[in-house]
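Next, two complexes with chain A in common: one pairs it with chain B, the other with chain C.
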Partner chain A sequence: MADTVSSPDVRTILDARGYRAALEWIARRAEAFVIPLAALVVGMVLFSLFILAVGKSPVQLYETMWRGGFGSWFSIQNSLSRGAPLLLAALCVALPARLGLVVIGGEGAIVLGGVAAAAIGVALNGAPSFLVILLMGAGGAAAGGIWIGVVGALRHYRAVNETISSLLMAYIAIALMNHLVEGPLRDPASLNKPSTQPLADIYRVGNIPGMEVHWGLVVGILACVLSWLLIEKTRWGFAARIAGGNVRAAQVQGLAVGPLIVGFTALAGGFAGLAGMLEVAAVQGSANGSLAAGYGYTGILVAFLARHNPLAIIPVAILLGGIDASGGLIQRRMDLPDATVLVLQGMLFIVILFSETFYGRFKLFNPDLWQRST
Partner chain B sequence: METTDIGLWGVPLAMLGGAIRVSTPFIFVSLGEAITERSGRINLGLEGTLVFGAMSAYAVAVMTGSPWLGLLAAAVAGLCFGLFHGWICKFPKVNDIAIGIALMLFGTGLAFFFGKPFIQPSAPDLPAIPFGAWSDIPQVQAALNVNVLFLIGAALAVFLWWAFRNTRVGLIVRVVGDSADAARAMGLNPNTVRLLATGVGGALAGIGGAYLSLYYPGSWTERISSGQGLMAVALVIFARWNPLGCFAAALLFGGAGALGPALQSVGVTQGYYLFYAAPYILTLIIMIATSSPSRTLAGAPGELSITK
Partner chain C sequence: MTGKFMLSRRDLLKTSAAGAAFGLASAAFPIRAARAAAATVGFIYVGPKDDYGYNQAHAEGAASLKGVEGISIVEEENVPETVDVQKTMESMINLDGASLIFPTSFGYFDPHMLAMCAKFPDVQFRHCGGMWNKDKHPMNAGSYFGYIGMGQYLNGVVAGHTTKSKKLGFVAAKPIPQVLLNVNSFLLGARSVDPAITCQVIFTGEWSLAVKEAEATNALIDQGADVVTCHVDSPKVVVETAAGRGAFICGYHANQSPLAPEKYLTGAEWNWAKVYKMFVDDLIAGKPLPNFTRGGLADGFVKMSPLGPAVGEAARKQFDATLAEMMKGGFSVIKGPLKSNKGAVVATEGQAFVETAIELESMDYLVEGVVGSTA
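Entry: the complex of A and B
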């Protein structure tokens, strides 16, 4: 710059430009935060009205929810434990969603992953623990991956609607689990609650040091970060985003859409299967009916709330884990049914989906439209 | 009821009776979904509507002592859910399939929330007509004890089949489902037509739920539905959006669903849970067999997101 133009008003203009650029940078990204947060608030207000209508105090409810979910170190650990499987279950929805597929049968992959892991753990009794745990993880992931991968393959090669087929597969998986757990794999000692034989203690996945939360949380967070890297930073992720936007365009570009769809759905199912393995190895100690605890369905909500962004799944899963964790306390303290949490989740889900209609509607978030006003 | 030993004949007989008993909710939900899908939208939330219908029918029947008032309550509740789905989906970028999933969760949650106090008391049943009274064999009598709702469902299937072809309303629904632009050119408002079609579909699904809680299995529990609402959606595709096809497919599904209990009644207990998976496996096989990547399905409404 020549020294003659270093007058104050040029600097003001430059500063104003920088300021404006920063504003534009913020505005372009703000939409993705402001709209979901506003939707969350609206959902909570609607739920307050519902609670008022049944004659209870919403203030007390949210206070109880906070206490049950995040009020103490104990409850935070509880929420984190419940959030851990949700991280993996949500990835089972979010990864296919980036390809434009709505897969909602993660529950089936969780259940089968758990059964496969339990069977491996019992069959290899006596082998070194790190090897068995590794194989249990691999087996669980493989079972889930095959299950959801089939959904993806049916979608691409046979044009079978993936939403319905994945849910049907989930029902079949649960029937298969009941069959295995009550029949061939049943531990004769499990009388009231049919289960597989309990895993030996050395094959159990333990807690993170210093916490009452099992390692599944770390696995889940790692899976989310890796998924984000896969989608945002690799060529497969790039290809998937193109195919998700427009399958035709992707095919014209010469992208192998089929393997891409099968690969992504299999990976997604693999994560859900891993969630099942962790439920068995870290929580239950054996495979039984508790595997179908609904994590797969809550995972759908988590993924949609996070708008299928793997990094956003991390806080959302922990938040919903907290809401789940507070269900018991709400039931005891406020004499409300345990389904109260389900009603709240349903309302949040509807409001979040409705909020999609507001993207791109506000001038505030679109700097290209600012010119006229300034 | 004492049983006469009729050996393995018991299996087909129990399946026939079971098909009639189990298929009724499928008939209503699939006819409702057929109306909705013919108008160009898909409502996956009928599963939640079914559960909420079952709960509200049972609750009202317990409180008033009349199963018919319960049925009415279920239909009205279903109508509300349907109208809500129809209304919210008219906004741009709101995905009808995703909203359906959310409504499934919401309807089920609401039903569990309000249904807690009604798990214990017993409600009066919807009446059945004993078509098997001529026979002395109790199994035949049991199999031919047909609920009035089954008959209404059968009549409704025939009526809808006729109405889609021959009435003005039927034509309007089909035009909106095939091309929203053509409908607008005719001066029709696609959103209004879809709103009403989804509302009617919801009401029928509510009636299907009332059958579950007021006749078979005949009580309100939180496990009352095992995905009938969802299978009905697949069934409509299989039936090619034809109401008569829906009726036939519902009977087929009912028979598959009755396979497990029928085999159990003659003492087959091996692989018991696998037989319970029969309707889901059947649905999946049918979907695989009838879908094709290279052509759109014959008879599919042009505006339907699920076949695009």
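Entry: the complex of A and C
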């Protein structure tokens, strides 16, 4: 939506038409910030009513949330580390969405990426750490890429609904992971929690210097930026947007829609697989059932809230990480159940989706209409 | 625009930092209560506190400490076995001042709790599951666990008297040693009543998977089972499904009799209140906390639900007699001659494994009479 309006760059505006033009320039862009922020506020107000209804103080609630999510350096790091895996998980939804595909099975790519990475890390034990970590990343991305790439191929070549197939394939992936972790790849010493052999310490991904957040955060942010460049600044991204708008039109134009769909879904799955690799290499140290922690599903929420804009995924993922981080404090301080933050997430989600209908409706954000009225 | 946003955020950070400095004394925050206590104890659960199962058993133990002088309790539920649980532990330490933490899920131990043990050497961590080993793990870590297999044996005794079809059912999560011991104990308890009884086991593959648990329960009853028990995190679905089909139930983890008062026979329950009180008493007394704690029925770590109305006189008698025998100590569930359901000898004539036997902790077989497979 935001890409349909093209406008002159800042310099020409200031030279030529001055104040009014600058105002127009701001107005055209403000919509994308004002509407989601307003939706956020409305969602929080609705949630306050809910909190009042259960007899608690919304002021104390938001104060506690701020404290738990962003109120101190510890809380900020807490939010960042919870948000980090969501970045890559959300890309698995956002990239196909630009082609008009709703892929909700990122969880499958995450767990398989984790298992592949763990298998590679164990098999190459003894090799130089740089090489092994690189290969683990590549292996994880490949596993996830193939998994979601298959979803794209089924969609394009066999007309299988990608939403259903990705979800069902996620169940298969989790079953496959359980089979591998409890069978062929099992560390015999892991009696009551079947896991792969633990990775040697030199193959673990550490924390960002000066922070207690692992490198996955940087990888995730880079992936978001690169994805944004891919979509907005390259001809493949342009082609994807065309195909996302109207597949027939794209085909008439001679675009290779098939390879485009398979390529984008494979890339999306690759990011999710990388998230699985990071979960193994930076957090768990081995692949096991804990890999299916639901990041793939929270990623759907993040991508939709970010309106499938890879750059917007970054703040949204961190915001959700913060809500998650503060959820613990809310439980401990206010004696509210864990479901409280799920209610908040649900309300925000509905309100933000609802707010989509307001784009293009306000004269304030559309300078063309200003002229007409004056 | 972004710059402005950053600035205002920084300002907010400043204010909240100042607020934290000045505002602690104010009564506006319950944080004061948490800090005023002599010690804060944190509990972390992997599922909901009211799951009628694993987590509820721990939460009931935590709740029993709430009246203890000088102790304040902080709890967090639904914490996944990821970096989340590490951050939850840190948050309890940094923001609540917790000095003793009980991460209660098996998967919290390695690497999550161990990472926190290294980071906070002054905080004590005790993990449920029995993994601690003095050669491998730090001294501020530790573990506790109970021998609940005996409880499943007693479940089996009551089930053996109650069944008419001579077929029992067991809904199990994963074929790991702790679960296999429970399945085998249940069947052997029933066979102490009638050696012709069999027990079919279905593994769902996950600790908490309501739909599969309901399907498994239905499948077991369809195949003739008339008493069902389980080892999943939340037995609620199994209990309600079985009762709805008219089958009897033996409980697990916590007391599920409120879910099916007529059909509930008895149940093997954890008694964590006893264990947590022990740790907290040591904490208050300033004594070093034990690193490795285990116990069974006789130690009060495990208890049985009160027998339900459907339990007959003969069952009651044998239940009481067997329980009394167990309380004396030295009772063995696994004793020879005994074969696995694949025909391998697991205990020779005269061989017996008491509940503390280390061999039981690597159990990888189902005994003769159990219908099902570990793989």
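Annotations
FYI, the second predicted complex is superposed on the first by the 356 of 374 C-alpha atoms of A that agree within 3 Å, B and C clash if a C-alpha of one lies under 4 Å from a C-alpha of the other, contacts with A are read in each partner's own complex, and residues count from 1 in each chain.
We take it that a residue touches a chain if its C-beta (ideal position, glycine included) is under 8 Å from a C-beta of that chain, and two chains touch if they have at least 3 such contacts.
Every value quoted in this text rests on a predicted model; they were computed, and no experiment measured them.
Superposition model on chain A: chain B and chain C are shown in a clashing arrangement.
Of the two partner chains placed by superposition, only chain C is touched by A:Gln284; chain B is not. When the two structures are aligned on the shared chain, A:Ile172 is found in touch with chain B, with no touch to chain C. In the superposed model, A:Pro337 makes contact with both chain B and chain C. In the overlay built on the shared chain, the residue A:Arg158 is in contact with chain B alone; chain C does not reach it. When the shared chain is aligned, no partner comes close enough to touch A:Gly18: not chain B, not chain C. When the two complexes are overlaid on their common chain A, residue A:Gly183 makes contact with chain B and with chain C alike.
In the superposed pair of complexes, A:Gly346 makes contact with chain B only, with no contact to chain C.
Once the two structures sit on top of each other via chain A, chain C runs into chain B at 116-124, and not at any other stretch of 44-52, 62-70, 80-88 or 116-124.
Residue overlap on chain A between its contacts with chain B in one complex and with chain C in the other: 175, 178, 182-183, 337-338. Residue ranges on chain C touching chain A, taken from their complex, read 1, 9, 12-13, 16-17, 20, 28-31, 48-49, 74-84, 87-88, 90-92, 94-96, 106-107, 110-111, 129, 174-178, 205-206, 361-362, 375. Of all residues in chain A, only 102, 104, 154, 156-161, 163-165, 167-169, 171-172, 175-176, 178-179, 182-183, 297, 300-301, 304, 337-343, 345-347, 349-350, 353-354, 356-357, 359 touch chain B in the complex they form. Only residues 44, 88, 91-95, 97-99, 101-103, 105-113, 116, 226-227, 230-231, 233-234, 237, 271-274, 276-277, 280-281, 283-284, 287-288, 291-293, 306 of chain B touch chain A when the two sit together in their complex.
Taken together, the chain A residues at the contact with chain C in this complex read 33, 60, 66-68, 70-72, 74-75, 78, 81-82, 175, 178, 182-183, 191-194, 214, 279, 283-285, 288-290, 293-294, 324-325, 328-329, 331-334, 337-338.
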